[in-house]
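Shared between the two complexes below is chain A, which has chain B as its partner in the first and chain C in the second.
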Partner chain A sequence: MSPNLSPAARDVLLAFADDEHMIGARHAAWIGLGPFLEEDLAFCSIAQDELGHAISLYEYLTNDVDHFALLRSPDEYRSSWLAEWPCHQWNESLVRHWLYDHAEALRWSNVEHSSVDGLGMLAARAEREESFHRDHAEMYLSRIADGDDQGRQMIEQAIAELLPVALGLWDPVAAEPDAIAEGVMAASSAELEARWSAAVTADLDRWGFAYSWPTERPAQSGRTVRSCHFPELQASLQEVIALDPTATW
Partner chain B sequence: MMSPAKSWSDLEEFQAFIDHGGPQQSPGIVEAGDDMPEEYRNEVFRFIEFHANSEMMGGLTERDWIPRAPGLRLKQIFLAKTQDEIGHAHLLYMVAADMGIKSRREILEDLFDGRSRFHNVFHYQAVTWADQIAIAFLVDAAAFASQRAVFAECSYGPYKRVLKRIIAEEGFHMRHGEEMLLRLSNGTDLQREMFQAALDRWWWPSVQLFGPDSPPDDNLLRWKIKSERNEVLRHAYVQKYVPLLHGYGFEIPDPDLRHEDGQWLMGDIDWEPLKATMRNGGPDSARRIETAARNWADTAWVRESLDAAIARRAA
Partner chain C sequence: MRTYEVFLKKDGKDEFRHAGSMQAPDPDMALPLAREAYSRRGEGDLMWLVDRDDILSAQPDLMAPNSNKPHRHNDGKRVAAHRKSLREGTTT
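For the complex of A and B:
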């Protein structure tokens, strides 16, 4: 835990940590069920990386990562709806992985020169991992784009479902202006969103997937409102640790 | 440089090679490209297919509790462990497919259609987090002992080489199981009760994993796929794990278990549960196979799309 962290830095890091935690947990649920064995192994590694990022970020905020990560009340989380989304079908998980990792890479590069001690080094390590994650998503989607009509339709369905949800990734926490002023992060979420939108649309156009850019955004209210899927996710995350929060598992 | 393919005129000559056809009369090693007897090819293939399916279904047994892991590092650890199991399946399916009997896809589809078999322990459901620990402690240890006995003298080269890596990872899993059990045994009353209940569920399936006593004319022993008889491995397992579990303060669910002449002797083993699992009729067989089969069907579009992309790029 970093005792000298400002409230603004805490808010920004909490939102990032919760996103990494939820996305790692959601990706992890695919273990054993990937569409083929090589993919199963690859996606599981990505899930482990994201959980590792979550742990490193939570360590700025608490000395007890597990209790903090798993046992807060829903209104204390700052995850985006995209990270909370269940994505029970592979097309949804794959598209979410591509949208999220594009955004994640931008978020890490945005804290490369952060005023928060050690965050730049963490960002450098995470960016190396993220470059593999992005390559994985892009190579995969580009091949499906070259494949059959069914595959393209599955991806287009998932894009239509998830693109509006993904805009919530750029919903800033209330203290973001202060965090920028303190040098915690460089660019605003709005600036990052513009870069992300350009990269995402460039990919979609290059691959030839049909899409329409969403006009509505999830009603996250500065990430203070949880998605309708959060209760189910949190119940699962807490199921064992809540049996006896004093125990060492 | 690859050695030229070997061939044998009859089973007698093949047996002589298996027994002492290697350098300095050591046991001979058969390679994938050799003209091996069909009986050997079929027997080894069935054994590796069973092992591969067991790694795959073992991964599915353990996956149920990963979302509910009581900590982020624990979730990473159990993910990595299950990833190892799926990775073992991946390696073994490649070794099996190279034998030219079934493709990897055919092997998987036989598994998901309920036409092939896998280890008895993976026909049971992990019903609490403590079951996850019992699997890591009891099942991984049983699998480790069993695989190490195969590796010791394994006559099929590709399998032996893959087993070297698998055993290294399984040894790590076993240590992980011990550490996890240590936490529960030093934990709260609830944790200890949970583990005792899990032990009650997993002890007998773990012991049964070694199988009934080996038949006197076991081809797997004769052809050095296995190096030890089932009952010998089972006995050694019991000698090690009974005192360990007693040491942690847990009771073995065997009222006839006794210590005589320096040895732990078990009560009679009921083999009916094992036989049921071999017919895919275990307590959780239907759900386990159905989950895998449904997922395989649901993700068929991915494989078909990627195949179409490869065909298009090749055209």
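For the complex of A and C:
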């Protein structure tokens, strides 16, 4: 835990940490269920990377990562709805992985020169893993783009479902202007969103997937409101710790 | 899907060793998937993939004649005994 962290820095790191935690947990649900063994291993490796990032970020905020990560009340989380979304189908998980990792790369590079101690180093380490994550997503989607109609349609369905949810990634926490003024992060969420939209639409146009850019956004209210899927997600995350919250591992 | 044989090597004088096999749709996808399947804990610094179709595989008929040639095994015992006897001045 970093006792000197400002409230604004805490809010920004919390939103990032919760996103990494939820996306890592959602990706990890594919353990043993991936479309083929090698992909199962690769995707769960990615899940583990994201959970590792979450732990590193939570360590700025608490001395007891397990309790903090799992046992807060829902209104104390700051995750985006995209990270909470179930994506029980492989096409949905794949599209979410691509949307999220484009955003994640921008978020790490946005804190490369952060005023928060050690965050720049963490960002550099994460970026080495993230370049594999982006290559992985692109590898799949570009091949499906060159494939048959059925695959293309399934990807287009997932894009239609998830693009509107994904915009919530750029819903800033209330303290974001203070965090920028303090040098915690460089660009605002709105600026990152513009770069992200450009990258995402460039991919979609290159691959020739049909889409319409969403006009509505998730009602996350500065990330203070959880999606309807959060209770189920949190219950599954708490399954083990609930057996004995005082146990040490 | 294609099947690949995976070989890993650590830094230094160790040779490439067969780590196992895996499947991937094409060579470009095979490399990262093989890394995650066989070297996600850093088991190798270098990796080779060989498409199984590119392997020359000998038929058992070719191999069979050499399966029982004990005279080609030299465990060194007779040479060692001879050298020992010379050292100790006894003859065998």
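Convention: the second predicted complex is superposed on the first by the 248 of 249 C-alpha atoms of A that agree within 3 Å, B and C clash if a C-alpha of one lies under 4 Å from a C-alpha of the other, contacts with A are read in each partner's own complex, and residues count from 1 in each chain.
In this section, contacts are C-beta pairs under 8 Å (C-beta built on N, C-alpha and C of every residue); 3 or more make two chains touch, one makes a residue touch a chain.
Only a predicted model underlies this, so the values are computations on that prediction, with no experimental measurement involved.
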Which superposed partner A:Phe36 touches (first chain B, second chain C, both, neither): both
Superposed model, chain A: greater residue contact from chain B or chain C: B
First (chain B), second (chain C), both or neither touched by A:Asp117: neither
Partner chain(s) touched by A:Asp135 [first = chain B, second = chain C, both, neither]: second
Chain B versus chain C as contact partner of A:Arg143, first or second or both or neither: both
Which superposed partner A:Glu232 touches (first chain B, second chain C, both, neither): neither
Contacts of A:Ser45 with chain B and chain C, given as first, second, both or neither: both
Which of chain B and chain C A:Asp205 touches, first, second, both or neither: neither
Touched partner set for A:Ile55, first chain B, second chain C, both or neither: first
Doubly contacted residues of chain A, that is, touched by chain B and again by chain C: 36-39, 41, 45, 143
Contact footprint of chain B on chain A as seen in their complex: 21, 24-25, 28-29, 31-41, 44-45, 47-48, 51-52, 54-55, 58, 65-66, 69-70, 89-91, 143-148, 150-152, 154, 236-237, 239-241, 243-244, 246-249
List of chain A residues in touch with chain C within their complex: 36-39, 41-42, 45, 132, 135-136, 139, 143
Residues on chain C engaged by chain A in the complex (per definition of touch): 1, 22-26, 28-29, 32-34, 36-37, 40
Chain B residues touching chain A - in the complex, by the definition given at the top: 56, 59-60, 63, 65-76, 79-80, 82-83, 86-87, 89-90, 93, 129, 183-184, 186-188, 190-191, 291-292, 295, 298-299, 301-309, 312-313
